[in-house]
Each structure stands twice: as structure tokens, then as C-alpha cells.
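Each of the two complexes below includes subunit A, the first together with subunit B, the second together with subunit C.
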Partner chain A sequence: MSACVEITHLYKTYYRHKWLFGKGSAVPVLKDVTLSLPQNRVLGLVGESGCGKSTLCKVLLGIEKPTAGTVLVNGQDIAGLDRAGRKKICRHMQVVYQDPYSSLDPRMTVRQLLSEPLDIHGLHPDKKQREQFLQDLLTSVGLAPSYLDRYPHEFSGGQRQRISIARALALDPQILIADEPVSALDVSVQAQILNLLSDIKKARKLSMLFVTHDFAVARFLCDDIAVMYKGRIVEMAPADELFAKPLHPYTQALLRAVPQVGRPLAKPLAEPGADVPNGCAFAPRCERASEKCRQAVPPFQAAAPQHFCACVQFTKGDVQ
Partner chain B sequence: MLKNRIFKRIYTNKTSLVGFILVSFFLLVALFAPVLAPVQNPHNPYQMPQKSYAIAPQPPSAQNWLGTTEQQYDLYYGVVWGTRLAFEVGITVTFFAFLIGLIVGAVAAYFGGKVDEVLMRLTDVVFAVPSLVLAMVIAAMLGPDIKNMMIALTAVAWPSYARLIRGDILSVKRRDYVTAARTLGASGPRILLRHILPNSIYPSVVVASLDIGYVVLTAASLSFLGLGAQPGTADWGQLIAMARNWVLGTAQNPLAYWYTVAVPGAAIFLFVLGWNLLGDAFRDILDPRQA
Partner chain C sequence: MREAPVLQVKDLQVSFTVDKKPVPVVRGLSYSLPAGKVLAVVGESGSGKTVHALSILRLLPPGAQISGGEVLYKGKDVSACTEKELQRVRGQQISMIFQDPAASLNPVLTIGEQLTETLLAHKKITKLQARQEAAQLLEKVGITDAQKRLDEYPFQFSGGMCQRVMIAMALALSPDILIADEPTTALDVTIQAQIVRLIKQLQEQARMSVIFITHNLALASQVADEILVLYGGLCMEQAPADELFAKPLHPYTQGLLASLASVNTRPERLPAIPGQPPVAGENFAGCPFAPRCPHVTDKCRQSLPPLREIGARKVRCFWESTK
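Let's look at the complex of A and B:
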């Protein structure tokens, strides 16, 4: 099983704006992220707000440049690509954004929105053929072809997200990055969009990076799940295994926090305290943290085949 | 679709209908000026015909429908051709001010950093001086002439567009759909022309439509001060300047020469009012979310 996206030792650091001279203080957002997206699978990236999920997407898409580390897409390093090279990558890798209200240009009709990727890449220039393609595309995301001449503001959030998905699929990509595609939607609509994504993934044999903060959503769609905390991947495993045997205390706490009808709410996590400069970032909130946790960053290693975890309490072979 | 929206919006709102009627009326007068008031001096149609050299204005008569002003210039001819001149000045000045503002604002927003800093401080400098005073200084330096007056007016009008457009571009630049276009592989110019400008230019278009009236008003002020049109030119400001000595009539009849002020004054008043009312309607028309 080959990987279509491979991220190795990726770092991204932002610098606070400083008035007039010099660089401001550093804000590390991604720290030593190593992740690979296997072909034809859905990798869920789960973590709380501000943990770096969206930054990772931006780096993947080439919107932000990595501070260190490499990102390979289909074996090609995306750093140092010229415009033509980047444009080529765009055809293979597309994205669905979180907010369907701001990700569609309000002055364009659905036809213009869906035609734009085709125009950019010079696909389906024949007018009749294109019309057919656009209608099929709209039908494939569950919208009527008659919607082509409407503006985004005439649609509901779920319908807009369908348009966004259609737009991403217009280039027939192999890789789809979904940056919290349902978190801005009503729960009843979320299920429809998740079903659509699941169907599309099967029909088009897509590899998908699915970013979310909702374990319930991740469980429905993802084959593998990576959990992120403060810019680091702290645990990664196949979805079934992760839900059955979560290892990292953070993952366990997150799973406990998923509300369920008929069960009292779990005790909330402690407020994140001051950063631990040299240790495990989760230590201040961890019930089981010891002095050891504050001394060194725990290595991210296999606790079982396919199951990786960054916690000092688990070393190789701990879990059978 | 846009056409439907324009008419729907104009008919459903009475004030914008009034604005539309006023501006249309002036537009027709400007277009048919040669028919309404046949040209007397083929070399310069804006030269008002002069009946005689007598000083005192004469009231409306069969020969001079709206009377004559100082030195027997025909007020009717002056107002009709003045309408044409008002459109010429208003639209030319607003167009060039808009264009300069668009370029400066877009460059500042696009490049950011030091370029942005320098250009925006330049607009601050222009803003720091009262615009009418600055226009007077520039017009006086260049010499009294309509063309120079237009240059002076453009020079003081562009900074507000530059600022407005810069701000709008900066806010639109960060929207998701701009990032989305980038991830589709769109080129820089394409993003600027297809996504950023169409979404940031409309507030300035609305301001421009309001500005046409204001520019004409300022132009009239400059002409009134003798810094614009030359004596004898069919210009509203000029006509008011000529009426300066006739605001008050004789002791027995203080309103004896009312027409010298009222006729060009009404023209300016209705023209500016029309554009202001119409500008409001433009705002709603140009936003697709307000269908």
C-alpha cells in the first residue's frame, strides 16, 4: 500500500509581528509531524481548536511554506515547485473548506464556480460537452442541474457544501483534503454530507485527509485516525483499534468527552496550563503525568503494529 | 438579471425614482443641448450668446426664456450647455480619480509592507489639507481654465478611492474563496481580476456615483471663485459668479433679479440631489445578496 501524501518531520513556525525591526517571538504551530496518507483510504486528523490541523492543511496545499521538513505528494516534493508544477499538483489534490458561506465567491453563479477549475486547467473546452459535464457533476453531489444559474446565497449551508464538493471534484483529483467540512453545518445536514463524501470516496477511489474535531464524525468515515495535540501527532491507529484501545491519555480524555445520550457528561479536562518547554505538551492536563513527562518530549513510536503513540507510559511491545 | 434588479429597485423606492428621473432629465438635456439651444458660436459651443453689453440683467422674455444675466448672457443657453459641461466635468473627474485610486489602492494592498506604507502616507498628506483649499491652490497654480480645474479636482478626489479600495481588497484577500481559487491553481492576475476586484470594487462605485454630484458642486465653487471657467462660458458656477452683484435688487424690489441666482442655483441643486438619491439605489443594485 503506497502512500500518496507523505509528510516527514514537518515544522511550521509563525513569527509574531514586530514593530519596525527584527523578527517577533516565535510561535511554533507544527512540531515534528510525520504522517502518511495511504492510497484509497481515509485518514482522520482529530484535535482541538488551535492544535494545528488547519495549518497542516495549508502547508499541504502549498498556501503556507513549511519551516522545516518535507511534504511529498505522489512522490514529488512540493517545496520549490514552480507555478506549473504547483498547478499540476492542484489537479491531483483538492480541498473542501470548513465554512460553506465564505468559501464560495458570492458574485459567481454555480455555473461560474464549477467552470472556474475547468477554465484554469483547460478541461472540457467544448461548450456542449462542458454543459453535460457540469450537469453530471451537480447531479453526482445530489443537486439538480437546474441550480447552475443560481447564486450561492440562494442555497442552504448543506447545499453550499455540496457545491464546494462538486467544485473540488471538477478536476477529478485523487486526493481530497476535507478541512472540517461538516462542523459548520446542522447535525441533521452533517449526516447527509458525510454520506455523500463516503459515496464519492468509494465511487472515485479517493484518498482523503479528513480533518475534524468530532470523534463521532471521524468514526463514521475514517479508516485511520491521527490525534493531534499542540502541533504534534500524539497517537495514530486504525479507527477500530483507536476506539477500542485508546492509548494516549489525551485520546482517552477526548473519547470520554464525546457526549452520549443517557450518560452523564465526563469531567472536563483541566485548563491547559503554561507550556512545558522541553516535555510532553499534554503533561499539565494529564492525570497520569509524572516528573519524567516534563523532562523530554516522548517519542512517537509503535506500541503495537499499526498503532503509534507518543507517551512515556507506552513503549514498544506494551500492548498485545 | 441585473437589468431586472435595477428597474425593480428603482421602481420600488420613491426616493431613488426621484433621483433616477432627475439624472435622466439632465442627461437628456445634455445629450440634446444642440437641439434645445442651437449653437451660436461654432468654434466654441460653450460660449454663451450675448445680446448686448448692457450691465443690468433682464427678466425672462419671449427672446430669453429664462432671462439674461449680467452683460446680457442668455441664461437658458447657459443652463442647457452648462448641463453638458457638468456631466463632462463630473464624469471625467470621477473616472480619473477612481482610476488613480484603484491603481494606488490595489498596488498598496497587493504589495503591502513598505509600498503600502508610502502610498498610504501620501494619501494622508492629501487628506490633511482641506480639499477645496488644495483644489484652489492647484487650480490657481495651473491657471484658470476648465481643463486645469478638472486636473485640480482629480488631484484632491483620488485619495478617498485609494483608501477605500485598499481596505476592501485587504479584507477580501483573506476570504476563503480567494484561498480556494489559489488551491484550484488560479494565477495571481486571475485571482485579482475574477475574485478580489469584483468583490471589493463596488463600495467605491457607489461612492463614485455619489461623488459625481459633489464634484460638480466643487467645480461650481472653483468657477465661482474665478479659478475655473472663463467669463462667458456656459458653466453653472460661472453663472452664479456673474449673479454675485444681483443677489439683492433695488431698495423697492429686493428680488428684482431673482432669476440670475435661482436659475443656475436650481440646476446645481437638482443635479447634485439627483445623483445623491441615485447613489443610494446603486448600493442595493450592485449587491447580489439584495435581490
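Let's look at the complex of A and C:
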């Protein structure tokens, strides 16, 4: 199983604005993230708002530059690329954003929206062939080919998200980054889009980074899951394994907190307290935290084959 | 459940004026809210759930008006109140918390100033007494170090903490009814559990009634005694929570429950409801769910099914199996 995206020891730090001179205080957003996206699999990145999920996407897409660490896409470091090199990489890596209302240009028709990536990369220049391609593309996301000349405002949220997905698929990418693609949609429409993404995953050979805060959604779509807390990956495992045996106390708390019919209201977690500068970021909210947790950042290590966890409670070989 | 209801909504109709034509958003909603109970109003965006809540407090935005029906608070019609009478109803008898807590607080006033403002407006007390009371309120909603935090500004509070302040403010005058409009939608799941628990706990302590508005059926199942499912401005189904989740009757409720992803199972496909939710103003003749319904007949498209009572439940559907 080769990986098409390889992230190693990635750090991203933002600086708070300071008056006139000098750098403001540092705000570390990603801390020592090591992650790989295997080919033809869906990796779910789960975490709460502010944990750094979207920043990770931005770094991957080259919108933000990493402070330290490397990001390899198909074995190529994206940091040192020039314009042409970046364009080449973008061809294989596309993104679907959360809000289908703000991510589509309201002044462009669906045809223009879908043609733009093709024009940039010079694909399907033949007019007739292009038309056929666009029609097939729309059909593949469950929309009628006759919608090509409509504007985004004529569509509902679910339909717009289908257009966003079609636009991302226009270049037939190897890697699809989906940043909370269903959380802005109505409940009765979410299932449709999740099914569509599941179909795409089966029909096309692509790898997906699926960012979400909702474990139930991740359960349905993802093969592997990485859980993020305050800029660090705290647990990573194949989905079935993670749901059967969540190890990290934060993963356990998150899983408990998902509302489910027929389950009583979850026991709440403590408020996120002050940051622990040198220890485990989750320690202030953790029931099992000991002195040890506050003294050093727990290493991210294998607790079982393919099951990694950053918690001092688990050392190698703890879980069989 | 057979106590005298604190709030009765009778055939409430609300419409927006678009291009000088009325567009109905709430199309005849009736229910009664007993004392000390939690009613969850579940619906998608555009179903009229928020608009109905705003019309209870007569807080509708310009362009929207109550076009029919009445809202009775302890037998008195709120929709016929003068503005002065309304000021007493709002806050003292019925209060409301909103979806985005950070946007509901004034960013340039301290938490203390905003909390005491409510108290001073309604009670004959001194500023010092109001401050003491405000501190007690903050402690009641689980904010520690209350005296100090009174002098802080909203930006110094996290989202969950802001919602706690909103709850403190809403409960400052011990209302009989709390309307919570998607109180946790803007919050993280771990914080959601805290806030919902807090509301539930305060509701039980004070025997307050709560109208809990949400789009999350699973969350509704965890807090509510009674569930009302709204779709296209109409009540599709209303039932005691345990009965509704044990056996949903309306095809929309059934579809919605079936389509929810779960952390426990991993199906090959989710049984999704096809189509899109209705846009206000379209489809007047028949059932608003007809275009998406698996059991649709010609009758459904031509006429609106009445809300039938079946024991303690109500359901709006012609379908045989719901009888």
C-alpha cells in the first residue's frame, strides 16, 4: 500500500498581529503532524473546531506554507515548487469545501464553473467532446445535463454541493480533499451526498482526505481515521478498529458525545482549560490524567499494529 | 401530561411578504406545552421552526406577520398584547436563547453590564444588588470565578461559555418558558453535551417548560418529552418522544431516522430521502412531502392530509399504515 500524500513532522505557526514592529505572539496550529494518505482509501480527519483540520488542508493544497516539516505529494515535496510545478500537482489534487453557497461563483453558469479547471489544464479542447464530457460529469453526480446553463442560485444546497463535487472531479484527480462537505447541508440531504461520495470512492480510483467533526459521518465513509486535538494527531487507526477499540481518552469522549437515538445524554467533558505548555494538551479535560501527562508530550506510538495513539496510558503492545 | 398547559399555540399562521405577495412560512401550527415539559420542534432549514418561535415572542423581522391563529400564554393571547405588555412577557415569562451565542452578546459591553441590564430593567433593585445577583446567575450556569468574569468581555469567553451566559441571562427573571433555538448547533459536540445537560438540569430544578428547536433528531430524542416534526411549515407528526422513536408513523420521520449515519453500524449505503426540501411558497395544494415520499398517491398531490389524532399522537398522512 503506497501512500500518495506523505506528511512528516509538519508544523504550522501563525503569528498574532502586533502593533507596527516585530512579530506578535506565536500561535501554533499544527504541531508535529505525521500522516500518510494511502492510495485508494478514505482517510477521515476528525476533530473539533479550531483543532487545525482546515489548516492542514490548506497546507496540503499549498495555500499556506508549512513552518516546518515536509509534505510529499506523489513523492514530490510541494514546498519548493514553482508555478508550473504547482499547477501540475493541483491537477491531481482537488478540493470540495464546506459551504456550497460561498464556494461557487454566483456569476458563472454551471458550464463555466465546470469548464474552468479544464481550460486551465487544457483538457478536452474539442468542443463536441467537451460538451459530452460535461454532460457525463453532471450525470455522474446525479444532476441532469440540462442544468449546464443554469446559475448556482437556481439550486438548493444539496445540488450545489453536487456541482462542487463535479467541479473537483472534472480533472479526474487522484486525491480529493473534502473539508466538511456535508455539515452545511440539511439533514435529509446529507445522506444523499454521503452516498454520492461513497459511489465516487468505489467508481474512481482516488484517495480521499475527508475532514469532519462528526464521527457518525466518518464511520460511514472512512477506511482509516485520524483524530486531531489542538493541532496534534492523538489517535490513528483503521476505522473498524478505532470504533471497536478507541484508545485515547479524547476519542472515547468524542464518541460518547455523538447524540444517538436510544442513548442517554452523554456525560459532559470538562471545559478546555488553560494550555499545558509541555504536556498532553488534553490533560486538563482528561479524567485519567496524571502528573506524568503534564510533564511531557506523550509520544505517538503504535499500541497495536496500525493503531497509533498518543497517550501515556498506552505503550507498545498494550492492546492485543 | 394532563396539566393545564402554560402555552397554547392555536392554528398559528405566519407569512412573509415577498414582491407584495404573502408567502406562508408557518401554515397552521397547533400544540400545547404543559408545565415542566420539554417539547422538541424538529425541522430542516426553511421548515418554519425558528419563525414560529419568534412569533411566540412577537419578534418577527420586518416583512413577516402573524396572519392567523393565536398564541395563548396561561390563557392570555400574546398576539393581541400591546408593546408594553409584551415587554413583561419577554424575559419574565417567556425567554429565548439563540443559535450563535457570540453574536447574541454585545461585544462592547462587559458580561456584567449585559446581565445587570436585564435585572435593572425588570426589578426594583440597586446596581450593587443586581451585580450580586448576576454573579449568582453565572455560578448557577457553571461559570466559576463569577465576580471576576463579570468584568470581562464576550471575546474573552469561549463559544460554550457565551452560551452559558446567554442561558444565565434568559433565566435571570425565572421565566415559565424557555425557547432554545438550536442552542448547540454552533458548538462542538463535547460542548453540546454540556449545554444540553445544563438546560435540562435547570429546567428540572425550576419546573420550567422548554421549547427546544433543533434539526438533530438524535439530540431531540435525548432531551425532549414530546417531539413535533415540522416540514414545509406544517406539523407532520407529533408524539411523545419514546413513542415516536419506537415507531415513527410519518414517511418523512421514518425516512429521516433511517437516513441518519450512526457510530455503531456501517451500512453499504444510507437509505437517503430523494429530492430536496421544499422552498417556501411552492406546492400549495397537496402534502409538501409528496414529491419525496415513497408512498405517494394522487390524493397526496391534490389535497393536504389533515392532522389526525391517534391516541396521544398526531400524524398528517393519508398512508394506510399510519392509521
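FYI, the second predicted complex is superposed on the first by the 320 of 320 C-alpha atoms of A that agree within 3 Å, B and C clash if a C-alpha of one lies under 4 Å from a C-alpha of the other, contacts with A are read in each partner's own complex, and residues count from 1 in each chain.
FYI, a residue touches a chain if its C-beta (ideal position, glycine included) is under 8 Å from a C-beta of that chain, and two chains touch if they have at least 3 such contacts.
Keep in mind it's a predicted model, so treat the numbers as computed, not measured.
Aligning the two structures on subunit A places subunit B and subunit C next to each other without any clash. Of the two partner chains placed around the shared chain by superposition, subunit C is the only one that A:190 touches, whereas subunit B remains out of contact. In the superposition on chain A, contact is made by A:49 with subunit C only, not with subunit B.
Legend: residue contacts after superposition of the two complexes on their common chain; A:106 is shown touching subunit B, with no touch to subunit C. Look at A:213: by the touch rule set out above, it reaches subunit C but stays clear of subunit B. Comparing subunit B with subunit C, more residues of subunit A are touched by C. When both complexes are overlaid on chain A, the residue A:8 reaches neither subunit B nor subunit C. Legend: residue contacts after superposition of the two complexes on their common chain; A:255 is shown touching subunit C, with no touch to subunit B. Contacts of A:153 after superposition on the shared chain: subunit B is touched, whereas subunit C is not. Of all Cα pairs linking subunit B with subunit C in the superposition, the shortest spans 11 Å. The contact sets of subunit A with subunit B and with subunit C never meet. Remark: subunit B residues 175-177, 179-187, 190, 194-195, 198-199, 288-289 touch subunit A in the complex. Considering their complex, residues 44-45, 158, 160-161, 188-194, 196-197, 200, 215-219, 221-223, 245, 252, 255-257, 259-267, 269-274, 276-277, 279, 292 of subunit C touch subunit A. For subunit A in complex with subunit B, the touching residues are 61-63, 83, 86-87, 90-91, 94-95, 97, 99, 102-107, 116-117, 120-121, 151, 153, 164, 167, 171.
Subunit A makes touch with subunit C in their complex at residues 48-49, 156, 158-159, 186-192, 194-195, 198, 213-217, 219-220, 239-240, 243, 253-269, 271-272.
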